[in-house]
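Shared chain: chain A. Partners: chain B in the first complex, chain C in the second.
== the complex of A and B ==
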């Protein structure tokens, strides 16, 4: 220990001691105005941490109301990882073990794997009122919630049958982290991604046996499973990056989880891949902006599109890329929606106890969408999509799908 | 109850001068024995050395090699306080670590000395020590586990005062001794100036106890006796959060900055030891050299201290009674000094209790009350080793908070941690009372109201000592104005409130100044901006 290093900088876990109590995080928290039980990010985060360091009994069960939207972190002028402090506290001190419901909601890839095999039955069943009532009563999954439909064919199997052989014709490749949603619920997003990347001159490769990114596992306290998935995914990405230029995702939450939550919450080192794991919109924007590739747009494309930046996209700071891409499409009339949380926060809004809060959080966003009255909403997050579609009736499309629809070429 | 028949309102059995832990403990002990007690304190309770130390619940191990008697006193008192002052004590255990630069041979001598003093000292594998306390210097070559702990001196003093009052004692804070009423060589009473009402008052008692700590030197002079005291200043640093959960000490002869104590939400490294002149005891400053020394030595105990935010620096004065010319004061016994001035100096009705330390306050009080009783000719036994202090019934925070509220969040548990079973007296019936004043330490409006009504709080600094308002990382940034609002509302005086607020913020700044860099500086800049820019509070 040399004296030179003494107090040159202050280090604390997730920078909690950098907090100067300005409280701007609490002002930006979407939960605070609608749920008085929640103490807010400052108190739950850096303030509570000092007490928890004294003794674990000071852990407050109301931390479960945190959405993990990370808006507090975006707001913080001191670089305090408030959301991480709260998530880490839940992991370390939270006593309640995940319930069956949490397990089902969190195991997106396992449930998806089962459901796709019998998709028509599952989709139909999940819409039946008595089934919803039973799910509400027994599982505490709110009956007012509509479920995302499952696809009868996974994206992975579509890809193998229909796209795989064409991809090796390309000189350059990207790997695609499709995530559970594109695989089990909405393979069209994956197809759209392949179409756009091919149009840009890139072949697409899949990661052989990718696991759920783990975002829902983390928020439901299934940390061991999340950590196993994280290790596996990082290993697969390391392998893929030896021949691919980047690993791209189409879900903002998956990409955010892999880039930030792996090292911060799960302690999984992702430094070998982090710089080359990003959202497709960012990669594509760079390509187009630098003139290295071009997209040919249809002449007849016309749409009024309102773009909602998902919270995790705000945290990544990448909303601008989606916005610019959608805006550059000829024929698009673009509205940037105000920065608001939709309230779903992954599996949070599905839980009966959170339904009211979830809808109250989303209200300003829903109201604005109705006022703008677009043809559809653009958004990079699947759970935001479910929430907005269910709550407003407006259709929501991923920017990649919008690009795919706007460029020339067959689907 | 009176020992000598019906008395006037200004007559007592015993007058105690000094509201530190020794005076408070003595007042409680005497009151429990049925004496009519008056305690006067020129400031608030626990303002001197009582509130300016580590808050270490010594196992006695520190003194085992050099001073067996002190070591034995410590371990006995340690075990008693765990029982009777439960809500003030944290049973953390302690480690005496040997670093590569230290002599490992000392460890065996140390452990043996501990054992002969009755201290359960156990030499453990350094690896086990690192498991026990992950923040400890990983290069340790030896470790001894001892029953150290931490104790909150403010809470302890307040609990003693509360119990003294419950047993009829009259407590007068902000009441300064201006002179003794003497009849020849007999002290008959005291003249007191109240800083609250501005009145000059006289009180009478057959026995007066000087429990003035380092200020006892002057109090004795006023009574016409000389105590040769040795003001030894000790500086300490408070860190923003707990780095360690086990007390860390160096296993060597006591030296500078070799104890790191986790206390409440912070940890404290200390101390230095230097002789200071008497005219500095009321206004001590922590020097850059002291800060450097505390940091350099502290980082040897727990390396992360080098990068941990420091909240503030402070210093206290040990009331040592010197017998020789030791320039540092380190070798003066920390032992208790009880002086009966009748036998020593021919002054009747006057006793001084000094020396000792926070840890042995109860024993000091017991000896003093014994002496008072002898003088009064009263035969009453001390009970303070058995009767728990108010707030310290045998229950933990979770049990207490569950009993009162059913389910309890962090605020309630924090309150229960501070007030023990007295928590039930704190108003928490509505949203107003449960809303927060101090966010860092989670102090509610109800707790502030309780402190104002029942714990002799007259200003913001007093409130801080009772509740920890303003003791957290923001050092008053958010809580000071809220608390000032509550106090001036209760006193119905905004002008006083504003003065109080300024005083409080300046007092906070005094402790931040010696460590004013990094995040602590950023935060105080922000505080200044809030108070001068937003609230319009000028210097």
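== the complex of A and C ==
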């Protein structure tokens, strides 16, 4: 029965031929209902792939409207890696060079490195109307966007000065992939992570010279840079794992990129670290559930919290860990928000051409947040945070920061 | 992570079982790898359109008497099953889903190609016909421009042969131009998405009103109401004539909406729905399942007192076929099937296909069997079960719903007796 093997051997790497043309993916794509120009996952993904394999000229420029949220993949009954097919096609066929604007938005670590040094000036400048108008007119970054602020001290330098020497007192260690956001924009998240891990009995180590995970580089077509970053990060993680139990992240998009996009889109083998690279919430959940560690909560903590599962968290299937941890805190009144995309999708919503679409996608989520009227929103993704804060005025906190605020002990 | 019950598969069966357990106070999780058969259904529920020996059924209580022993309905037992049938509409309305029809007798539906077929209950979008004659003298059959999954001329031909005068028309909505650029995107769910926008629905209504003459009813493809229920009532009111939806080729707009509603209801009642995750590597000790893993959970295990397998048939990957045999994909459970491959299928596609009746073997309480012995806390529901041929009999939804109720009740009663 050797001929039967054909069934197993006729599936290509990105499995587009598994598609049964049912259009279910299109039902769950957040872009399709709000942007009539976007052909939708089925057409952009498996259908288009057939044509593109024939001839690259069939590449459709509208593929840039894909948010890479992977909601189509979560819904597909045939397990087609639709989002991957679309991203891979953009990389392979979308040869247009990234514009200056895309370059700036994508180079989160380089821009962050510059901005941190002059943070007060940059923050003030980014808020000034004429500056916004220039960004809008020349760079096509939408002027209605408010920019995440840059911190004047990076997390890394805070860590070296204030936390490093205490960490070696612990017997067990985890390595922290802080990502650009915690480093340049919001070091408090990194501080909170250190506080929580220390309370659990773990010392924290940094990866020496971590690079941006590359999520924004990939979506802006800067693949070579992304691949270099990926190789370097994997090397650093391999090194760290010889003495640390795990490499943990606090951003769902960074963790998703490292675990899934590195092998699927960049062809960077991460098998040596993948099982031990995860989000802190999952690691902490496992620890607490197994009874190997405990957290002491303050008894005066009170908050009404609504949790938004970021798209990449939805794809990772780990939203439940964040939800469980937040719910576990005494004094928390918890609401799980409906599964909706916030519309920002990394740097996507910053671009002038996407602003309206981005806000229309997020509307159901914003409406629900206003209706629930929580003290704040919990969410594991920094770009969702910007989007929700800007669009609703509600404060957004990472679950790790919520844990840090709720446990006993000094900051 | 601990639950009272874990259900593998989030289709009609998994959701009904989860809802019943959750509403009875049990903490449930549903693990579901992808969307289910509901997305492709007709929008009508079948219970038993004909008996395994090919007789068309009308009075369903009567038909139940003659089923083979291994049929899932026989395992539930006639008395209990008729009890379930009597409460089925109430169960669904408790989940925000209105069903039409009489749970004890079959009616008729019009298929996308214009045939009349027996069926059981309908989602609220549809109506059931009492018999094979057409209730109208004159109808307008209106289609959406460029939509190929709904064939107005077949339907007109069929109705005319039954003595009804038919006119056909097309509704042309500008906002669908983008879809029409690519004919493979002119599918029901995509069209429904456009028609969910009030201004587009209004355009459709005003065109239909202009096209109508003295017809009593207008027949439309079921491409309305992807997100919003009660669309038939609204259209009827707006148009001022009877609106009769005809199911389209898959995907099914009413089916998708119903699946979403059931999932929402399950979550609203406190259930955990793990979407896009696949259950694997179960751990068994003796005759019990101890825990189950998933792709996304990695080394973190899910534990429960009872487990329900509702992974569907071949289409949903609950079962698969190797060249030699039929396999249940997670536990490797015992299967009811023919050992000779030649018996699996008939080369005439439209004949009864035996493989559709293959599925897992259970005891009388729908507990699964592995290597000849019962797995005490593993139950099965829905189309993963063997012993009936849902395609031939027309018994898909009935089997999914009632085996799910039966399993939920088995679990609840075993909890109550051990307490």
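As a working rule, the second predicted complex is superposed on the first by the 402 of 411 C-alpha atoms of A that agree within 3 Å, B and C clash if a C-alpha of one lies under 4 Å from a C-alpha of the other, contacts with A are read in each partner's own complex, and residues count from 1 in each chain.
Just so it is clear, a residue touches a chain if its C-beta (ideal position, glycine included) is under 8 Å from a C-beta of that chain, and two chains touch if they have at least 3 such contacts.
Nothing here was measured: the structure is a model prediction, and the numbers come from that model.
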First (chain B), second (chain C), both or neither touched by A:60: first
Touched partner set for A:375, first chain B, second chain C, both or neither: neither
Touched partner set for A:73, first chain B, second chain C, both or neither: second
Which superposed partner A:336 touches (first chain B, second chain C, both, neither): second
Partner chain(s) touched by A:317 [first = chain B, second = chain C, both, neither]: second
Chain B versus chain C as contact partner of A:49, first or second or both or neither: first
Touched partner set for A:21, first chain B, second chain C, both or neither: both
Partner chain(s) touched by A:39 [first = chain B, second = chain C, both, neither]: both
Overlapping contact positions on chain A, where the chain C interface meets the chain B interface: 1, 21-23, 39, 42-43, 47, 78
Complex contacts: residues of chain A adjacent to chain B: 1, 3, 5-12, 16-23, 39, 42-43, 46-51, 53-55, 57-62, 78
Chain A-touching residues of chain B, taken from the complex the two chains share: 240-242, 245, 262, 264-266, 292, 295-296, 299-300, 303-304, 306-310, 397-398, 407, 409-410, 413-414, 436, 439-440, 442, 472-474, 477-478, 517-519, 522-523, 526
Complex interface listing, chain C residues touching chain A: 1, 33-36, 39-40, 175, 178, 182, 184-185, 187-190, 193, 226, 250-251, 256, 267, 272, 274-277, 294-300, 316, 323-324
Residues of chain A that touch chain C when the two form their complex: 1, 4, 21-24, 26-27, 32-33, 36-37, 39-40, 42-43, 47, 73-79, 275, 278, 282, 285-286, 289, 314-318, 320, 324, 336, 339
